[in-house]
Each structure stands twice: as C-alpha cells, then as structure tokens.
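Naming follows writing order (A, B and C), and every chain is counted from residue 1.
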Amino acid sequence: MRNAILSLRHAPFALFCLALFLLIVVAALLAPWIAPQNPYDNAVVDFFDSNLPPGSPAGMGGMTYWLGTDALGRDLWSAILYGLRITLTVAATASMLALVIGVLAGLVSAYAGGWVDAVIMRLVDILLGFPTILVALTIMALAGAGTGNLILALVVAQWPYYARTARSAALVEIGQDYIEAARCLELPHWRIILRHLLPNSISPIMVVLTLQLAHAVAIEASLSFLGLGTSIERPSLGLLIANGSREILSGHTWALIYPGLALAALIFTVNVFGDRIRRALNPQEA
Amino acid sequence: MAAYLVRRLGQAVFVLLLVSFLVFMGVYAIGDPVQMLVPPDATAAEVERARVALGLDRPILVQYWLYLRGLFQGDLGTSFVYNQPTIDLVLQRLPATVELGLAAFVMSLIIGLPLGLIAGYRAGSVADDGIVNGSIFAYSLPNFWQGLLLILLFAVQLRWFPSGGRGETGTFLGIETSLVTASGWSHIFLPALNLALFNAAMVIRLTRAQVQAAMNSEYVRYARAKGVPEGRILMRHAFRNVLIPLVTVLGLELGNLLAYGIITETVFNWPGMGQLLINSINVVDRPVIVGYLLIVVAMFVVINLLVDITYTLLDPRIRLGGKPA
Amino acid sequence: MLSVENLVTGITAKGTPIVRGVSFDVQPGQILGVVGESGSGKSMMAYSLIGLLPRGIAIAGGRVIFDGQDLTAMPVAQLRRLRGDRIAMIFQDPMVALNPVLTIGEQMIEAVLAHRRVTRQQARARCIAVLGRVGIPSPEERMASYPHEFSGGMRQRVVIAIAFLNDPALIIADEATTALDVTIQSQIIAEIQSLAAETGTAILWITHDLSLLSGFADHVMVMYAGQVVETAPADRIFAAPRHPYTAALMEAVPVPGRTRLANLPGVPPALDALPAGCAFAPRCPRVQPLCREQAPPVTDGARCHFPLEVTP
C-alpha cells in the first residue's frame, strides 16, 4: 500500500486528481463558511431571483450569482457546495458501513469455512450477479425515498464487493503457519481475525473502497435524479441536476451544467486515483 | 455437458425462488399488504373482505405458496393506477425496452471493439493512452447527466434529433418496433448512444486487455513465424481469444443495459419498462413495482444462464470436457 | 545458403548486448547444432535471423545473408513472406505455441495459404499428407481436433509437420524436444533427420543438451555469454573438445530437475556486467591470470588463450 501511494509520484495526472478531489472535499466541508448564501434558508433565498444567468447581481443587492440561480432563486454556487456536502456524506457513510459489514463478513467467511462460508458466499454471488444500481433501486422501490433508506440501499448493494475481496485476501493468509500456530494457542477467534487476517487484506480493500466510493456517488446522484433519493428541501447534486433539467428546453443550461460538472469531477478524480492504486498493486493487470 | 446444464439450470431456479421469496418478504414485512392492495378509501369491512379474498389471513408460508402458484399462472396482481394486470402492463412496455437495449448493445460494440483492438494492438502508444483515459472519463460521467448533455447539444442546440419519446412504430415480423421507420431511428439514436457510451468503456477495457495479452503470447509469435499476415493474426488468433471472455462481459453488459436503461428511459421519456417502474414508484403502485422486479430478475437469471452456455460452447477446452488452461 | 556475419543483438534501451558478434554458415541439407546454457544468447540469435525479436530487443549490427539477400535490411512485408515458407521455425513448447482455440487443421492450412496460391482443398490435402508423414494416425480426422486433444509428443509432431509444410530451405528448431520425455525425444529426432535428408532441408538445432547432438548434427557451435566459444565438425568436437567450456558440457551428466552443470560451479555472467578478458574465466578450471585481462583470440575454432590439446 505504501509503495502504491509512493508510485503516485510518477503519475502527475493521478496526483493532480487526488489534489482536486481533496479540494472538493474541503470545499464541501467548509460549505457553511465559504458559500455566499445558505440555500436552505428561505429568509435569504429570493424567489424573484429565479433562473438568473451566471454573473447576475442579486435583486436585493449584496452579492453576485457567479453561477446563476436555479428555479427557486437559490444561488447555484452555494447550492452546489451544500449539495456536494450531502452527496459526500451519504456516499462516505454508506461506503464505510458497507466496508465494515463486508470486510467482517468476508473475514468470518474465510476463517470459519464450511457452511458459514457457503451461505455468505452464495449470497454474495447472487447480489454480485445484478448491477449495483438495480439492487439499490430495488431497495429504494420497496423502502421508499429518504436519506436513511438511500444509505441502506447503498450498503446492501456494495457490501458484497468488500466481502469478496476481504475473503480472498484472508484465504491467502489462512494457509500460513502462523495462523495455525495462533489457532493452536487457542487465541480467541475474533483476535485472530482482527489482528492477523484484517491487516493483510487492507491494500486490496483500499482499492475497492476508492472505486466503490466513486460508484456510490454516482448511484446516489442517479437515484436522487430519479426522485428516489434525498429530500427536496435539501437537494444533493443529483437532485440539483434533475431540477436543472426541467429548464433544459428553455435554454437555461447553467442549472444543469454546473452541478453536473461538480459531480463528474468528483467521480472522475476518485476513479483515476483508484485506477492508479489498483494498477500499482496488481502490476500484471496494468 | 448435459450434467453441467442440469446443474446450471437448477442454480437458476434456486436464485429465482430465493429472490421471489426475498421480494415477497420485503413487501410484506414493510407494512400491511392489504393496505397496499386495496384502494386508500376502502372501508374496514372491505379491507377485511380483501384480506380473506387474498388469503392474507393464512400463515405466511401458505401465503408465499399461494403467491408462487399465482406467479406460475402469470398472475402478478393488478395495478391500482391502470386497473390492468401487471403482467400485461409490463409486457406492453417490453418491446420498447428491448429495442433500446439492442440498439445500445450494437452501438457499444461498434464503438468499443475497434477502439479496444487499436489500444491493445498498440499498447503503450499515445493512441492507447488516449483511448484508456477517454474510457475512464466516459465511465465517470454520470449516465443521466451525460444523457441530458446529449439532449442539450443534439436536440436543443443543434436540433438534429428529437429530445425524447419514441417515434412512429411499424410492424416487423409481427413485432411492433420503431426500428422500421425514419422517425423511429431519429428518436432512438440519442437514448441508445447514452446507454452505449457507458458500456463501450467496459468493452474497450476488456478488449484491450485481452488483445494485449494475446499479442504478447507465444502462439502469436508462432503464427508470425509461420508467415501469417498481421491482419489475420489480429482478427483470427488474437480476436478469437478475446471473444471468449467478451461473452461474459457482454452478458454483464446486457444486465447493465436493463438496469441503466431505467435511467435512460426516464431522461429521454422513452416509454419502456424502466419508465413504467419509476412512474409506478412515484404513485406507489406496489403490484407493478413487485411485478416489474420479478420479471427483471427472471430476465437476469436467463441472461446469466445463456452467457454461461455460450461461454461453454465457444471454448473448445471446456466444451470437450477438459479444463480451461 | 545462410551466412551470418558478425551479428550483434542487444536491448535497445540500455545498449546491453545479448548476441555479441556471431558468425557462421549453413550449407543446404546441413544440420548445425547450437549449444549453450540458458542465457547464452542462442535463442535470441535465432530470433534475430528471422526478425521475431521481442519488443525492446533489436539487431545492432552485422548481416544475415540468406539466398543472397540481407535479411536484416529486408522490409518487414518481404521478411514475412519468407517466414514459414523458405525458413520455418519449431518452438520449444507446442502447448503454448499452438493457439488453444483454433483447430490443428486451421492452424496448418493458414500456414500454406499464407504462401501459396492454392485452394483451401489443395492446402488441406497437403496438410493431411504431411501429418501422415510425421506419424500422426488418421490425419484426416485429426485435422478437426484442438491442440489440447493431442498428447505432448503428438503435438510436437504437428508442429514439425507445420515446419515442413512448405518445403523450407532451412528450419530453425529452438529446444524442439526439450519438453518431451527421453524416448519420444529420440524418436522425433530420428524422424526429423530422415525428413531433412529426404527434402534436403538444412536445420539449425538449438539445445542446451550437447549429448543430443551426437550422431545427429553435422556441425556443432557452442555459445557462451553471447559469443561462439567453439565451432567444429561434430565428430571432431565429440572426439576432442578444445574449449574448456565444451569439455565441461560434455562431461556434464544431465541430472533430472537440475539445470546447473554438475561439474561446473557458478552461472553465466550477467550480460550488463561482463568481466574483462574472457567471459568464461570466472568459472574456468584452467584459468590463468592472462584470461582475466585479455579477451582470447580464436584459434582452430576455439575462443581460448589456452585451448585443450588435441591428442592425435
């Protein structure tokens, strides 16, 4: 893993993408302090300023809408910063939960073997047989819209990827003598799993994490676009784009283009970076 | 081979049963199914009558059995909104979805295979770098946003194609399709491109990796030593070996086309099954949602089964009972 | 017929030489054995001849004259027409050389059609005839088989049949029987010998096993660290080797599962860190101070300061 990160030094483009990604994350975190407007505060948002093109001055003065406004008169730049925050929160929370659940399931599966392994892996195989978006969509269709359900859907759709990776990494270690020794010493099972199996599966899991994080962002946006995601009052990037798309025929393109650019930049930078780590860890695949 | 087929079919049936069970439990665990299956303004007596009529007063496993029996008779319930059997609703929409998926499938191969061949044949070159980074870029563009941009550019700005909907349909071999009319073609082009670009990235990656491995292989060197022309080496020796793993990925791609087709259909207002699903979700038309999910899962199981069989037929090492090297 | 003059081949990027000035001739119908340990440059020398070097390795000097034409200066397309037609090649491992997903028939017929303007039927008939000639039973049916359906020995016979398909003037065989067990090895060598005698084809036989060449090769060339260290008619070299390395190879009893030479400690030098003087000096049992300082001259076919005496 260390070497993989060090190898980024020779990949200026991947490094640039990493920097850009961190910049986006910081901007999202600092949204309440750097955004010119709180887009959720109806006292601040001026409905008469709706659908203004980029660079327009605010009707009541005091600020300029550098990226224009949306149909509700919200400053688009502020809405994007706040939307990024929601998108990233949902994607990161879901990825972390999926990682913890998936890795534990994978390690236990590998360590226990037998029918436990068979049951977990059969479930993983079935879930992996369907596209992630379809699994997530099914959950949303059954459970209904909302941020909590969105996170649940992403976790259900993504944990199998972590489980499969953690299991195969752990299986390599289980053949080793020191695990046998630990078993003979009758160390507690959880201790063997966490102290010996977990550390060895970290590198491949990090690769899965980067690629799945990008995927989670994309799925969150897609579901929100379909109206199955976050709430309308606090739109994530996907919903901002959906709202922007209603203006498409009237030629108000900014509300569609700018949130999309932010979303695409977020996904692209994570993908390039993740792809680079993957290739550094598996040179034969490059 | 026969034993393999039987085993594989058994697995497919098992997955179908399992999923139907999970969806059944999912729907029935969330709330009172009677409340979902009767109109919202029903009286208490009507609800009770419906409960008995639907068999919902019986033990859960009996209910599942009845539900399964209904499934085998093609009974997936009735939509509240359209007041039509779910199965009819979904099947009416099937041709539009299949035709869009097919057009996107062909388009993704037309785009992906040549680019993948070039990138793999000239691995490490500038052309290869450009193609690989371009495919990551295409893969990273959220599907729905990319579709909206296509509409913005080609429909709103350039006015080359309509922005949505399905064009006129004609009948071909008894199937209603828009692929036989000019208006149909102009309507399907943008949505098909939208679906295809995402999958083309996957086709490029796989073709590239396989061609590159094949071109470095000993059998290509041997073919060169035999004096076989480069064109034949690429198309016959390298490409033939690409074909086998490609079938697996194409199966995956078919699945993706079904899944991402839901988004594309919504973006382009394409009257397919996916649009039906999203509309039904928005009006909480549960029987249609459940029916749609079961039909799509069944389609997936069949696709996966067909992919495995094709895979077996293409690789002589497996076909003839040997082990793949 | 084939005349190689001072051939130099190396890794392009670093300029490391792999083949360091090799010269030899092959006469029509002659069998020339090339012997060396792995890493001696014998395979790269062979691939240089027909322009099939891996990416990153290229010819840096010298000429390869075949039928009066310099192959190193020949355009790729023309060289392609020569390969498999006038010069054929047999690879070490037919399991990886034959394409696993194409039938034997297809892989044979394409070799004919690449060079002859004949119909597919005529090409097929030719393939069946040659398959029969190399001892494949019921060749007509076997044309539809895939490589993995043959035994190792049968696969190598197929590859040999492909080499003889177009009546080449020269066949280059790189460790052609190494992957086979000893009894099949000698059968196949005997068959190649009779086929070559019948068709007048010359053979460049590359191997790490010197004993294989006795009674088979007309002439033997021993390579070490990219150079020819001894070259002589086969009967002479087997009777009385002059280079200490040849002598060591000859005394080496092949031990199954061991690639090192039993009585010769060490390994060939790394090509990017060649010793000054004689490349063999670090391992030579007869080394003198002079050997470590000066590159040895070639006298009587041996590249050695102090060659072994030929006892009359």
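Worth a mention:
One rule holds in what follows: contacts are C-beta pairs under 8 Å (C-beta built on N, C-alpha and C of every residue); 3 or more make two chains touch, one makes a residue touch a chain.
None of these values were measured; they are calculated from a predicted model.
Common partners of chain B and chain C, by the touch rule above, are absent.
Averaging C-alpha coordinates per chain and comparing to chain C, the farthest chain turns out to be A. Taking each chain's centre as the mean of its C-alpha atoms, chain B lies 53 Å from chain C. Centroids of chain A and chain B (each the mean of its C-alpha atoms) stand 24 Å apart. Computed centre separation for the pair chain A/chain C is 57 angstrom, with centres defined by C-alpha atoms. Those residues of chain A that touch chain B in the complex are listed here as 126, 129-131, 133-134, 137-138, 140-143, 214, 218, 221-222, 225-228, 238, 241, 245, 248-249, 251, 253, 256-257, 260, 263-264, 267-268, 271-272, 275, 285. Residues of chain B that touch chain C in their complex: 217-219, 221-230, 232, 236-237, 240-241, 244, 314-317, 320, 322, 325. The touching residues of chain B, when paired with chain A in their complex, are 15, 18-19, 23, 26-27, 30, 136-137, 139-145, 148-149, 151-152, 156, 163, 209, 255-256, 258-260, 262-263, 266-267, 277-278, 281-282, 289, 293, 296-297, 300, 304.
Chain C contributes residues 50, 52, 80-85, 88-89, 91, 93, 96-102, 107, 110-111, 114-115, 146, 148-149, 162 to its touches with chain B in the complex.
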